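Scrolling down, you'll hit the structures one after another.
Each of the next two complexes has chain A plus one more chain, namely chain B in the first and chain C in the second.
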Partner chain A sequence: MEPSRGFGAPIAGLALLAAGVVALPQLTRDSYYLDVATTILMNLALTMSLRLQVSTGQLNMAHISFMGIGAYASALLVTRVGISFWAALPIAAVVAALLAFPIGGLALRVTGPYYFLITFAFSEVVRLFFNNFFVDLFGGPSGLVGIPKPSALPWFGRALTFTTKLELYTLMAALLLVTAAVLVRLEHSRFGLVASAIRQGDLLAETLGVNVFRYKLTAYVVGSLVAGVAGAHSHQVLHSSDFGLEPMVLLVVFTVIGGTGSVWGPVAGTVLMTIAGELLRELHHYESLVFGVVLILTMLWAPDGLVALPGKLARRRRAGVSLAP
Partner chain B sequence: MPLELRSVGRRFGGLQAVADLSMTVAPSTIHGLIGPNGAGKSTVFNLITGVIPLTSGAVFFKGERISGLRPAEICRLGIARTFQATTLFREYTVLQNVLVAAHLLSAPGLGSALLWSSRYRERERRARERGLALLQTLHLAGLADQVAGTLPHRDQKALALAMVLATGAELVILDEPMAGLAAQEKAETTSVLQRLREQGLTVLLVEHDMKAVMGVCDTVTVLDHGLRIAEGTPREIQANPAVIEAYLGVEEPGA
Partner chain C sequence: MSIDLLVQALLNGFGLAMVYVLVALGLTLIFSILEIINFAHGEFYMLGGYVTYYAFAVFGLNYFATLGFAILAVGLAGVVAERLIFRYLRGKTLNAFIVSLGLLWVMQASAQLSFGVLDKPVPSAFSGIVRAFGLVISVERLVVSLSAIVLIAALYLFLRWSRPGRAMRAVAQDADAAALQGVDIELVSALGFGIGCALAGGAGGLLAPVFAVSPAMGALPVVKAFIIIIIGGMGSLPGAVVGGLLLGSVEGLGSLFMGSAAVSVLGFLVVILALLVRPRGLFGGA
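Now for the complex of A and B:
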């Protein structure tokens, strides 16, 4: 058993995730639920990849920007260059990853609050860039509209179309399951072991011969690649504010509430909080207020997140038994 | 000469923490660095391992200049250290701590980790076996699955030593390996250090327990206020009037 590597065996967790993803359309074909579910899957890709970066001890406030880069790149490749969505998707993800090299390379020279501020500043630069520059290309404040849905794919003699909500859900589900498999595999590899060691003691890791900077940069680039995929996957409308501070804060809230100590933390946090957000829809912008309160309560009583709770309660129960006469 | 310091100095603002320090550590010896509190011993360790940059002089390891390199690069060349306040990856198990430390010897690439190839699994299995074998030699094998942060002090000390050894270092730098240990545990640590010397490793240590230092070291260097005031065999050091005045006679009578 590896206590600090999160709960559950990696295969069991992935199987559970896959079962949930497959089961949902069997339960409902309602377009509202499919929309919510697709959003959850996209947010899962974002929070799971954000957590990969957090596992090295760094909170990257520009994560959402790489989603934006992937989204705009994919949309422009399809509408302006005229290539197929299926070619644009990997290219857009690679563009996000390539940009992550210089940006991560610069930001990761500092740590702690300085890193937080540099990445936050960068995310604002990206948002304002999409909002104010090259308006005829990025659409300016009114955004980019009319992005076509993915084209049909040939599949054993018939065409796989991506027009209905269910088909778009299936596409995001497939992308997420591959992403999750990669991230879970990474977490349970030596890479994940060393990455979390850096969070626990970066100087110790460095003096033991770990190239701390390279590990952090690798996590940054891989995380940005995933964010690029999440951005590129399929949007019909893009708006620069989708990649600003507010959605970024939500990602952080999801990840932290779920717990950053385990690869499953962001999964629990994202699913629960997105559903909660939908239930609180009536409250409109007071919704963030509720999220804020939940975040404060989590920090106070479960600072390691929701996924760490069962283990903690079990330990407390065991301790209680051993104290009894 | 594995390790050579040439006129090494370090200034913190107006304070000259280490001044013009030259010393050599011979291969396969146990070399002690002693001196009263604030003499600059830990600073010397930080300078050698690149944790803080030096302000003058140079450090050479096996003929290669290492001052100016980053700590990870210095470790790669074969120098590993422990810290005075024992530092471990507290959330990890004992074996995981050793596996992180051993990553230089068996670091798999990102690609092979993702592909989960049979070669990758074989390498992981061998790394675990080597880690367990190392824990065995330090009497930690039974604790392999314990979380490091929950270990008693002496086991944390032993684990810190195991991690240093797991890097495959030729020169092992130990900052107070005996601090807080009981007499029996000190004796065990002494015999471990002697065994390392027999295996051809070089040990450089800071230690306040004079009995332990004089018993185990081949050579002792004495620092006071950042200056080297004496160097020699334990017998010579014990008889050195400058040392007795600066340190032994004043700080620890009867030691």
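Now for the complex of A and C:
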């Protein structure tokens, strides 16, 4: 399903997202669910930026590494260099983006499964690096601990503090909404159109004068910048395994289940799959068994993702075809 | 440093490399026919390990009969997985990634529920060591390596000369053209997936006595198989063998100079280097 190019749809979508973000903490002030909600927002930033890269036809398995680079950079800037969190946040994001240039530049020389595998190799190198090298700097296998929470900000004569879970949620919410606005704007720009052209046929796009490599690299760097922000936003503890294959795979699941054809696909996928995961938690031993079955059936029944489903059902109803898959 | 030590290190590195080549060959065969990366490949390896545990360690079947049984049973499981799931995903790399991930979770969870989470030790079928030219190798590893080489050779002969093997190569080159020539794509796809899984099952059976059997045992060989495939080139059988030898020698020599954590980084660095020199792997096609 191609995204609509109308002006109303993106504004309405962003408004809906903002309303959801504001409404979420009203449902519960329970500290566990606020943590879940904050994680959803962080994952939204990650999946939406991952989808930006997928929109040029490439699945980047090292996306989570740039979140890790942002997280470690911000943590070290605050604890070792001693600058404020608010200065460390943009610097860490820029560090992630700068590292994305050489890594993306190398990886994007190949396409398809090769790209998938080389980015996976990169992510493992980054994870093993954080885990095994410069242990007194990165904390090694036991992780980096004692990272302070963001310092208070002056706001019209008052001090905005970031100590409670709700305040940290608000910080992530603000970062996400800015990120989402930028990504949605990008989707409905010339860049989004060209990216979609590249996905549908990069050779054809190239013959029409599009510098395919530059577009892919731009998507890579912008995506990594967002991942850097998501990583830097605020952690009190860092473990290299937080930036390994397992969380990366979850991001891909959220993105693809939601649907990569639309900028809203990852949003639907992340929210619904996180809720499904929380509900399945009750099943204990059967949790991953049922989650696996859900993944298989969803992909077989909705190969273009959940956001493509309403349109598909409507077309089927019009054509008078039965709903059996 | 003496030459003996270097050769011994190389030999240690090669020791299990051929088994990982088996795992890699299965992955690359499935990729070349169905154009999908099966992330649950390690779980078929795990299945081979459990078949071996029950047939060999519990029921006391002969070692080589067990191996054959593991290959057949896991191959059959692969055919079932292809008919039920993967035949709908031919060429859809991204969707197949998610589905195989789901299958990975389903298989791991099922193994935990039915076999328990604890490691199950499988006794060695062979004991003792062989000394030759100042080198030392255990009989068990020798048998494991040689069995793997026999299986690789059998796969080569099958693909090179047999009718279904040639049909598989035809589909790998151009599925539409093969179909026009009367090749039954459905049959080739099911058979290819089954053989790919059977290779993983055989590898699991071979390594079950070397390591213990556990629900998560598939992770390590699959990562190694991925490295081998990237070095050798996706879909290339000789590439997988060369990639395996290269990885084995790098790991063997690397372990002389650094710890195991650094050696695993080394494997990935070789991958990145190899891709910089030959972006599609050493034996990869256009």
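The definition used in the following text is that the second predicted complex is superposed on the first by the 302 of 325 C-alpha atoms of A that agree within 3 Å, B and C clash if a C-alpha of one lies under 4 Å from a C-alpha of the other, contacts with A are read in each partner's own complex, and residues count from 1 in each chain.
Heads up, the rule we're going with is that a residue touches a chain if its C-beta (ideal position, glycine included) is under 8 Å from a C-beta of that chain, and two chains touch if they have at least 3 such contacts.
Only a predicted model underlies this, so the values are computations on that prediction, with no experimental measurement involved.
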First, second, both or neither for A:134, with chain B first and chain C second: neither
Chain B or chain C, by number of chain A residues touched: C
Quick check on the superposed pair: does A:86 touch chain B, chain C, both, or neither? Answer first, second, both or neither. neither
First, second, both or neither for A:32, with chain B first and chain C second: neither
Between chain B (first) and chain C (second), which does A:101 come into contact with in this model arrangement: first, second, both, or neither? neither
Tell me which partner A:296 touches in the superposition: chain B (first), chain C (second), both or neither. second
For A:210 in the superposed arrangement: first (chain B), second (chain C), both or neither? first
After superposition on chain A, the chain A residues reached by both chain B and chain C are none
Residues of chain A touching chain B in the complex: 1-4, 182, 185-186, 189-191, 193-194, 196-197, 200-201, 203-212, 218, 222, 261
Mind pulling up the chain B residues that touch chain A in the complex? 49, 51, 70-72, 75-76, 80-81, 83, 87-93, 96, 99-101, 103-104, 107-108, 110, 113-114, 116, 124, 127, 145, 147, 163-164, 167
Residues of chain C defined as touching chain A within the complex: 31, 37, 85, 88-89, 92-95, 97-99, 101-106, 108-110, 112-113, 223, 226-227, 229-230, 234, 261-262, 264-265, 268-269, 271-272, 275-276, 279-281, 284
Show me the residue ranges of chain A that touch chain C in the complex, using the header's touch definition. 54, 59, 106, 109-110, 112-114, 116-118, 120-122, 124-125, 128-129, 131-132, 249, 252-253, 256-257, 260, 285-289, 291-296, 299-300, 303
